[in-house]
């Protein structure tokens, strides 16, 4: 039996087993060819060399040999199991928008406006996303952190600066422009499609001009 | 990004996933590199060529691409396990085949063709294996469920789509296509021996006489 | 009359079923199947009762058994010798009944169907509107053909490469399958709607307060804090950028006042008319509460 065929069988066996395989167990596959322990070990060594340029590598662990994906490929591989993102909660959106418009703002101030507590989870999530950061600490008892938005936040929404955020006047106008807010969800959807089609920014432009 | 690196990541991802992976899902791994559908398809094709000399091969099945051991290595690989692969009963195979070719099909319709009742055990087993699913309910008295096959069924039999199923014999040609009865050779032999022993003509005579 | 009818039936039977008459002299072909003379009965037309139980387990029901019986006689499926088949079949049913097979019901239905066909074969065949003689066996043949198609399809599918028998899934170990949760997409409009909601809910005083706020001052406050994060001590003059114009200077000044009000920093002047510095009041907090 050619060494290439032996290597192929070992490779296929290691990938099919789904668990580490000992040389002894591999030897059993070749019972008819009567390969020695040494023959197998040699084939494994050669196989290992073949993997230098490949996406997987051969590792020896306590119970035998196994093939595993190379660690340097982990950043790509782990994306296989990415979860579908969930939508942010209303509380999350309100918090980020208040931080954007009222920065530097403490958690207490956000709670005052929202009328409910802001959970640590929300702050942590927004920090992890790098949309908010701590700008400093207010010099009052408890030294509360003051939050502000990051350049990443502006980038995400395609804004050059905070001043590009819609003004309150514009927000008011949106209200009259999109009166469907409390209407049937279906209708709302249709309108939103319409807006998307028209281009949101253009709409803004129009409002601005009319002012 | 070099094509070699892309190939390595795809290889590692397919081996890591443990299930078929679609091009779209692979594309997500390269979100930062912004690879197109075409880039991935090309890398897959090249990867496939690399496997010519190897123990595994790249196959496209219904739910995506996957790596599997080459069928010609089966005599060696199967020795990894003591257990022999399960055989499916003819009842099971005939039922799944009828569902595959006739979907959406009700249990009653399957029974009409097979001439025997379809046991609940078979339907349950096929459902548990996720080979079949309920596509809907026929709008007739009793509202029987209509069954269809799943991508998992196609995956299992190495098929890309229902069109890849062996073509169904033409009704007209059937008399020329009648294959040999597939009784176990041993059983068939025993029967023939039995028949010889008993003497055929005598038996036949008896029937006739009874008429 | 009855006698006559019987004679006629016998005649048609012999015609339609050339294999029927077995009481022929042995030298002569007793049957002609598709033009081929048979001088001997097929040796395996009949299955002895002892073997029946075994063989029935190999059958997928009455259609399958019938197909077998037909095929054992090397007969064209379109030309079923209904009389013989029926006799045999009914004989099996009798044995089946004795053995108390649960399958018996389905086999009985088939037996009844065969008997019905057989009786209809004895009678003159009706002629349909198109003038074609209706063969009582047509429906049975259709069913047999239909069944046979799927029977062979099942055999075909059984030969397809199958996971765990012909091939095995290849998988490699992954060091960590940790989740990587992609953050959700957020639309600017969602933010605005959320803001509107907050404003609507906030009590009038707060709401007005927010409305009065000028974003540019807020922006500048953030900017100043950013500077102070790096440098703890900044010259007051350095905060103003002449290029921002008069309005920019006003905004910056308002931002400084606002931050002083929130006790974020102090103004320090070492000598009268000397340089004014801004001193950050927050050095300890950062490291402790930062993340």
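Order of writing sets the chain letters: A, B and C. Residues in each chain are counted from 1.
To be clear about the criterion, a contact is a pair of C-beta atoms (placed from the backbone, for glycine too) under 8 Å apart; a residue touches a chain by one contact, two chains touch by 3 or more.
Being a predicted model, the structure only gives us computed values, none of them experimental.
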Chain ID, smallest distance between chain and overall C-alpha centroids: C
Per Cα centroids, the chain farthest from chain A: B
Where chain B and chain C are represented by their mean Cα positions, the distance between them in whole Å: 13
Chain A and chain C: spacing of chain centres that average the CA atoms, whole Å: 29
Where chain A and chain B are represented by their mean Cα positions, the distance between them in whole Å: 37
In chain B, residues with contacts to at least two other chains: 12, 15-17, 56, 67, 69-70, 77
Multi-chain contact sites of chain C, meaning residues that touch two or more partners: 168-172, 174, 177
Chain C residues touching chain B - in the complex, by the definition given at the top: 22, 41, 43-48, 50-51, 54-55, 58, 60-64, 68, 71-72, 76-78, 87-88, 91, 103, 106, 110, 143, 145-158, 160-172, 174, 177
Chain C-facing residues of chain A, complex: 12, 15-16, 18, 56, 59, 66-69, 71, 74, 77-79, 81-88, 90, 93-94, 96-98, 100-104, 112-115, 127, 129, 134-140, 143, 145-146, 148-149, 156-157, 161-163, 165-168, 171, 174-175, 181, 192, 195, 200
Complex contacts: residues of chain C adjacent to chain A: 168-186, 188-198, 201-202, 206, 210-211, 213, 215-216, 218-219, 221-222, 225-226, 228-229, 259, 262-264, 280-282, 284-286, 289-291
Residue ranges of chain A touching chain B (in the complex, touch as defined): 4, 7-13, 15-17, 21, 25, 28-31, 53-56, 67, 69-70, 73, 76-77, 79-80, 82
